[in-house]
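Each of the next two complexes has chain A plus one more chain, namely chain B in the first and chain C in the second.
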Partner chain A sequence: MGIRFVLLVNKQGQTRLAQYYEHLTIQERRALEGEIVRKCLTRTENQCSFVEHRNYKVVYRRYASLFFLVGVDNDENELAILEFIHLLVETMDRHFGNVCELDIMFHLEKAHFMLEEMVMNGYIVETSKSNILTPIQLLDKAS
Partner chain B sequence: MNPFSSGTRLRDMIRAIRACKTAAEERAVVRKECAAIRAAVSENDQDYRHRNLAKLMFIHMLGYPTHFGQMECLKLIASAGFPEKRIGYLGLMLLLDERQEVLMLVTNSLKQDLNHGNQYIVGLALCALGNICSAEMARDLAPEVEKLLQSRDQNIRKKAALCSIRIVRKVPDLAENFMGPATTLLKEKHHGVLITGVQLCTELCKASTEALDYLRKHTDSLVRVLKDLMASPYAPEYDISGITDPFLQIRILRLLRMLGQGDADCSDCMNDILAQVAAKTESNKNAGNAILYECVAAIMGIEANSGLRVLAINILGRFLSNRDNNIRYVALNMLMKAVGVDTQAVQRHRTTILECVKDSDASIRKRALELVFLLVNDSNVKPLTKELIEYLEVSDPDFKGDLTAKICSIVEKFSPDKLWYIDQMLKVLSEAGNYVKDEVWHALIVVISNASEFHGYTVRSLYRALQTSGEQDSLVRVAVWCIGEYGEMLLNNVGVLDGKEPMTVTESDAVDVVEMALKRHMTDVTTRAMSLIALLKLSSRFAPCSERIREIINQQKGSLVLELQQRSIEFNSIIQKHQNIKPALVERMPVLDEAAYIGKKASSSSATLSTEKTSHSNSSGVTVSLPNGVTKPPAAPLVDLLDLTPDDVPVSSSSGGDFLQDLLGIGSSPNSSLPGVSQAPPTGGADILLDLLSIGTPSPVSALNTVPTSQDNMSSVSPLEALSTLPSPVSSAQVSQPSMLGSVKGTIDQSKQPAGVAPVMDLLDGLSSNPLSLDESNPLYPSIIAYQSNTLKIAFSFSKQPGKPQITLIQATFTNLSSNVYTDFVFQAAVPKFIQLHLDPASSNVLPANGNGSITQSLSLNNSHHGQKALAMRLRINYKVNNESKKEDGQINNFPSDPRCLCMLTFFN
Partner chain C sequence: MTSSPSIMESFFQRSLDDLIKSLRSPLLSSSPSHIISKSLDDIRRELRSTDPATKAVALQKLTYLSSLHSVDMSFAAFPVVELLSSPRFAHKKIAYLSASLSFHPGTDVLLLIPNQLRKDLNSPNPFESSLPLEFLSVASTPDLARELTPEIFTLLSSTKTHVKKRAISVIHTFFNLYPDSVRVAFKRLVENLDGSDPTVVSTAIGVFCELASKDPRSYLPLAPEFYRVLVDSKNNWILIKAVKIFGQLVPLEPRLAKRVVDPICEHMRRTGAKSLIFECVRMIVSSLADYESAVRLAVEKIHEFLVDEDPNLRYLGLNVLSILSSVNLWAVIENKEAIIKSLCDADPNIQLEALRLVMAMVSDENVAEISRVLMNYAVKSDPEFCNEILGSILSTCGRNVYELIVDFDWYVSILGEMSRNPNCRMGEEIECQMVDIGTRVKDARPELVRVGRDLLIDPALLGNPLLHHILSAAAWVSGEYIEFSKNPLELMEALLQPRTNLLPPNVRAVYIQSAFKVLVFTLNLYFMERDCIMSSSVVDLLPGVSDSVTETHCLEDCNSAECKVSVEEVKLSVENDDAAVTHSILDNVRLTCESITCMWNLIKLAMELMSGSEEVEIQERARNVLGLIHMLQEIPGFLIQNEVAFERIDPKATELVKLMLDAFSEELGPVPMNAQEKVPVPDGLTLDENLSKLDSVFGDDLPFSHGFSIQGHQHKETDGVPRFNMMNKEELEPLTESTSLLAQHRQRHGLYYLPTENEPESNDYPPANNDLQSLVNLVDAAEDLVKLTEPSKKPNRAKPRPVVIKLDEGNEVRAKTAKSVKDSKDDLISGVVRDILLGDGSKPISSQKSTSNKPPHRRVKEEGDSSSTKSKENVVDTQILIHGSPSSRKSRHRSSGKEKSKSSQDNKEKDGKRQESSRQKTHNDQYSLLFTTLCCYQGEDLEQHLVFFCNSSSYELSSSGFPEESSLVMEVAWNSH
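Then we have the complex of A and B:
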């Protein structure tokens, strides 16, 4: 498994989206989110985007007030994950049009649908934005 | 419509939650919403089911329990409409996991949906299965997934491929079913199918070597895919900053690495393409660098040719000098793997790596430090250590712990000579003594103790370091220990090394330093305890300061810490009342045994446990047999435990070394004319003993306490510790009957009484069954069973002539354990050259059967190397049973050892 979890938090450290690909109890999740958010959010712009936490790495990237944090195995290609985060953001941008925190909050299920089309069980499924968005657009049209 | 379940819209709930100012408010909102949803669940409300589930997902994301919504997911999945199914499956993946039994209920719905005509519904089912399926479900649904791998729709094929990964992970024996379909996926054109197919193949290779061999045959097709990708014209859908689908390229490179690992032929196939990727990929964008990074990893992983390796190392070199921290981080990460492949090439970047240790970024520092650690060897240890220690001065406090640990292990592992080791360790201790682990300074003390030529230099350096870095605890401890041991070298510039300034230190300066260490408010108990011992030692070395030292020690007698209070009172009375024995008591420690320490370190955990046990048994019973409360019996087991045979223990040959024996001699024969005691009035001897014992037993509680503390402390460097650890309530009871001090017999009788403790009986077994005349004997040593077979038992009891420690008198007692009478019984003994043996005639040459009597025989041993070598003896016994000659041989190594072994051991505890 490459990706262990994808987290989206705002500047205040509030979780806005969380998808885990390994099972954690609610207590474990809260603890983990607290720890890594504290670790990542205190880092400055010119420090590198990788933080070693417990037995895995967190690759994170900041977009305005939103932090995208991806937990990966130690042997994962960190630069590729960084690129993946960017792809996720671009996909959301294409759908929402300059995505912001509120878009994700109020359309949480759509954000999940997109992520679901991109990552499954910790592996990358699809990297083409239009392929990712097609099912979601169909759903929009239907409703 | 139910008034409760209608509740608020999802949007309104999110607004309400956003508006919350405090966590408590948020909890209140969530509680209210959850109550409404529970009500709706129990009403089986259908209209708002999917809205409720969407709310639950939001609540779940916030970190609240949502188990009551699990059944709702199942209901939504079972419904016919796509939007309901969509949200149901999402809920299933978010709210449930494979461990929940509810999940089994969904197997049927999944099976139906996998066979559905609509590709999106099939996709949903595959996705859910791939994310959360359990082993059982994997077995049940594997045939469906296999079928879907050949589906006409590419979106289904790609999801089926990832779903297969989960199935193979859960049930590895299914791997072979997927091998064929997986390789056909590699021939696809659709990128989604390709990337998932490549990942499936990677996973299969991990799961079985069979699959690995099988896939190696398809290396060519993988290489072709990669080549096509590199050469492909601009593909807007997959283009990332001018590179076509870097994600796919990276996954292929990763699979290639796996295939090439340990397979030269396969590696050959991919050499060209790897070289091409390494040379042609643009490195000005992150995507390109990601590919290069993976490519280097592949080259390092496979059996690449040397040209390719050079190319890879050069890329890493470029990465390392990149200004982007992300790139430098991955470079350091990869260089760690490269060290194993080509150390020389990595060594070339040493200076850059060393710079990275000083980076402001914690992630980079950590990687760089680990890399430096791998790069250290005998030739570069000096400059590297110098750099690291210099950096230690300015590093962040939270990095110092890691850094000192690494420096210490480098210095310990690679130090070319002792002087350098001592110097470096002193620097580390002065800079970051508070971050150093205990083992480190323990090891340092052992090394210092062994480096006799540098004692003077070390103690002066420590004295100097203490002036500037008095706040570093472990530095203070080492310094205090050394000043206590080698204090006099501080004054007269003994052993000044070339090029070092001599310095002038007065006696009172040295005392000042220790006093400061003792009184500094930050100092912990261990350091204080060590300071007290150092002061005691100094009081004998610096006679003029003795009175001042006594006062300093006396100030601690009101200490709230029992350990310190006890030491203070004991030491005070030693200084005041026992001038005659003090010099011998505070002798310099014998050289510590390095080999034993290292061995101890290796097996520290188990050893600590068992030593504790042994010493526990000391205090409870064994000591009872010895009126003066010195545990000698346990010395032997302890020695065994630490692999210190008495021979290995380096013992100083000075006369004062035997102080404990002397001390005991006083107690047992007050009229003796030992040189050390001659000044004391005859009655004073008993007094001293009483005093010493009463010191040791302020209360039963303290007696119990001191055992663990002194072990923790390491500070039990003084032989005195042996006294302070031993006192037990029982021994104090005996002391209260001074009449028996002179006679062992009394003690034995005492121990035979019901009050006597069982172990003692065992110990003295040989004695109690055979009434002996021990009146003359000195209770210095316990008796031993020198030899025992099925037929014969030989017990030795020992005594010493006052004033002649080198001569040991042995009373041997032979007991027949068989049912036949032994005739013509002859006992012979052989000893090493340094011992002279004298055998007196035996009491008889007939040994009655069944232990109904015994033969006794006296031996005297004169050990010309007394204090340096331990006694040893071989035995031969000849006798006749029913006129048939018998012979038995034996060897005795367990002669009770010198009391000084004890001090050594307490130090190591």
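Then we have the complex of A and C:
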């Protein structure tokens, strides 16, 4: 499966985007988000970006007030996931222009759309920013 | 008229933006939960609307609330299905998003959507057809997978990469849910590895990586394909996955290692991407650890990681290094400095990894040095990590019965130091080790007693509940080995100090028992001194007779060496013309009459107090002590106030005390795992001569089941000596078996048992029972253990180990069976994969398979052709050119000759018995076809075909029972590369 979930969380620990690639009930999601947020948000800048949680790893990265948390299988390449997070942020930046929390809140659907273009069933399927954004731009034009 | 309400609705409907704004607005008095419940009411109403736009907005809002505010949206499943069929892409998209976020395999409405999904999948618009793919990857069911496999199969060869790569990842989900889809789609999935679009290859290789991680063996035949990806691809995402796959395959096929080690090293040298370097490093350390040069290169890279500023790289470097530590310790030692430095990193994760590595470096030579460094770190670090450090020191030093420890005095003092660490929470472990060292290592006892005394005497420690375990051990050690104490009186005071009431009852019980032992020891010592003094005063009176009398008397009295020593000291003092002084010197402590009386009163008072305790443990033990006290008190003239009195102490008192001392003098030893083995056969046990009747009973209800029941029938054979040896070890395990069963076994295989009676040379640990012989063994055992700690005697230590090994073996077997049950589903997939890759003929060939069996082979072959012409820079190809083909052709001819002769022989046999089966026919046809084709090819083409041949047919052979031939073909294929 590779990637199990992608979470965007703000500094206060509120979820701003949640995409799971395996089925979890609402209670399970809530519990998981709580645990992970507690674990990751207390870490400082000069600590490493990997946290082991239950039977998987969480790779996270902080951009301004937003934390990008990605849950991956244990044998997944951590550095590649960090690159993936960075790519996601860059893509969002290109679309929204210096992305911030509000952009994602008010355009959650687009954020999901981008993520869908990049990740499918836990695999990274697209890594070119312009390819990722093409359908969104088409949709914007159509509406 | 019908449209008017919907217009009204949509006009007044609150949009998602409105909802978000109201949720964010702090001005409104209402709480977020209130807003949510209010908007949920709106959403419910809006979802019933006939207007798709209204519905879409409602769904959008609901999706938002569900994914960010954990609102259950299962009630909206039906509206979602309705909206799925909307002709507008925007609506459809909203519906698919909410479907993939909220549907799960248990959702009922899934039954309603296969047709809609099929329709969308077949849509000419790639964005539209990727919507259901997205959905299917999250919420498929076996039914959906069965229904839609043909559609996905078609999309696997779609010209639009956008759709194709999504279809690839969906097919993986389908493989899991509906293994039959593997038969249909596997070949196409393999073809996608050769695609020109990197994202397609990336997805495909991702799927294979996932599949191979579950069951690598099934994907070995695809190694040439993966290899091509590994050498050709320039995309790091793809390369990472390819390296991962080889990490899985190489351990299964050592010949692969030789092939991939160069390309992987090449990638490592060439690339600047840390992620790829890391993946290669990880692959090398875990799968290619035998390749010196590759490991060298990997260690170089690891070093770069370790000294990097980025904590991520440092963490990963340490992480990888710890994989390496088991086989290539030099790599760890080379990076010692960086590791030690990481111990005080800001990140606890890094600290932990560093600690693990430091512990991996420990050997009997540097254990003291490393522990010293770590103890210093422990003092400085935060409580959690401090305990990690202490815990790992304890577990490393205690490993295999303290195999690393040479200097036990040092180790015991470290234990004492640990106890003083204010953050120490390892009390239980320290307790165990202190007691264990006491029983096992005789030479460490004086130091143990010293350390114990330091702990007991400090009243401040009693208030710390974390230390109670340690204090309990200290008290026990001090009581048990009181003869090493420099000052028993001081110890007694420590054991009876008022603050001991802070201890839990079980620890207080240990304290009382120790005080009891101290009391008896001290009294005995005191009496002996008096005896000696008295005799020496006799000596003064009657010189000449004295010496021998005293000597014999004293020797009679003292049965332990320590007593002798003290008596000698006494004598010494006596000889120093100090006869008038009635006290002796025991390491500068005066056992005067007053001090004894003082102690006597102290213990009496304390015990009387404690005999009223509510805790039975305390009460009972206090009563025991009081019993002795009362008994002694009744003896007249027991405590003589007048020091100068030269009269003998009542022999009754001396006897009593000696009796008690004897009761305590039996040394307690560690109980070995194989104690049960030494239980002697009870006398009068009649054993049946012929035990064959018992075999059936043994079969089902012997507690030591595994190896025994499997091999049980071989018992009667007398020639199976090595086997029996093994079994004998196995039988050491059970401690619950009854003596009679064991005795029966002993009778049958007495040869393999140690003799029961005369085994004075045994250096094993003593049995748990109390027979006299065992006592002798016990002392021996303790001495032997001391010897064992010396490196020269190391091999002896192996003796108690076999039991442990056996235990592990048993568990492994059980775990394996459990796993095989659990993985049945994976087996199902890989079974089908094998069928397809190997063309297994053992099962009846279904019509579907027979059609898809041969043609796909050809398809792969064709593709191989095209790719070979396409990629002239292919490393394999250039190698072929350099090597030249004659030799390879020769070997190929040889092998083909062999194969032909063998297969024709095979045919003959089959002919003689029955008609050649259709399966056999396809086999032979295939071979002759392939070999003739191969003969026509030269150079690069030949290589391609060999690869293909090895890929497809060799495993066909192996599956039909000719492993040597298949490996031959493999060999040919690989050699000719």
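We take it that the second predicted complex is superposed on the first by the 143 of 143 C-alpha atoms of A that agree within 3 Å, B and C clash if a C-alpha of one lies under 4 Å from a C-alpha of the other, contacts with A are read in each partner's own complex, and residues count from 1 in each chain.
Assume contacts are C-beta pairs under 8 Å (C-beta built on N, C-alpha and C of every residue); 3 or more make two chains touch, one makes a residue touch a chain.
Note that the structure is predicted; figures quoted are calculated from it, not measured.
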| item | value |
| --- | --- |
| First (chain B), second (chain C), both or neither touched by A:A18 | both |
| Touching partner for A:L87 - first (chain B), second (chain C), both, neither | first |
| First (chain B), second (chain C), both or neither touched by A:S130 | first |
| Which superposed partner A:I26 touches (first chain B, second chain C, both, neither) | both |
| Touched partner set for A:H53, first chain B, second chain C, both or neither | neither |
| Intersection of chain A interface sets (partners chain B, chain C) | 15-19, 21, 23, 26, 29-30, 43, 46-52, 77-80, 82-83, 105-106, 108-109, 112-113, 116, 120-121, 123-128, 131, 135, 138-139, 142-143 |
| List of chain A residues in touch with chain C within their complex | 1-2, 14-21, 23, 26, 29-30, 43-44, 46-52, 75, 77-80, 82-83, 105-106, 108-109, 112-113, 116, 120-128, 131, 135, 138-139, 142-143 |
| Chain A residues within the chain B interface of the complex | 15-19, 21, 23, 26, 29-30, 33, 43, 46-52, 77-80, 82-84, 87, 105-106, 108-109, 112-113, 116, 120-121, 123-131, 135, 138-139, 142-143 |
| Chain B residues touching chain A - in the complex, by the definition given at the top | 11, 14, 18, 54, 57-58, 61-65, 82-83, 86-87, 90, 93-94, 97-99, 120, 123, 127, 130-131, 155, 158-159, 162-163, 165-166, 191-192, 195-196, 199, 237-238, 240, 245-248, 250-251, 254, 286-287, 289-290, 293-294, 297, 325-330, 333, 360-364, 366 |
| Contacting residues of chain C [partner chain A, same complex] | 17, 20, 24, 60, 63-64, 66-68, 70-72, 89-90, 93-94, 97, 101, 104-105, 127, 133-134, 137-139, 165-166, 169-170, 172-173, 199, 202-203, 206-207, 210, 213, 236-237, 240, 244, 274-275, 278-279, 311-312, 314-316, 346-350 |
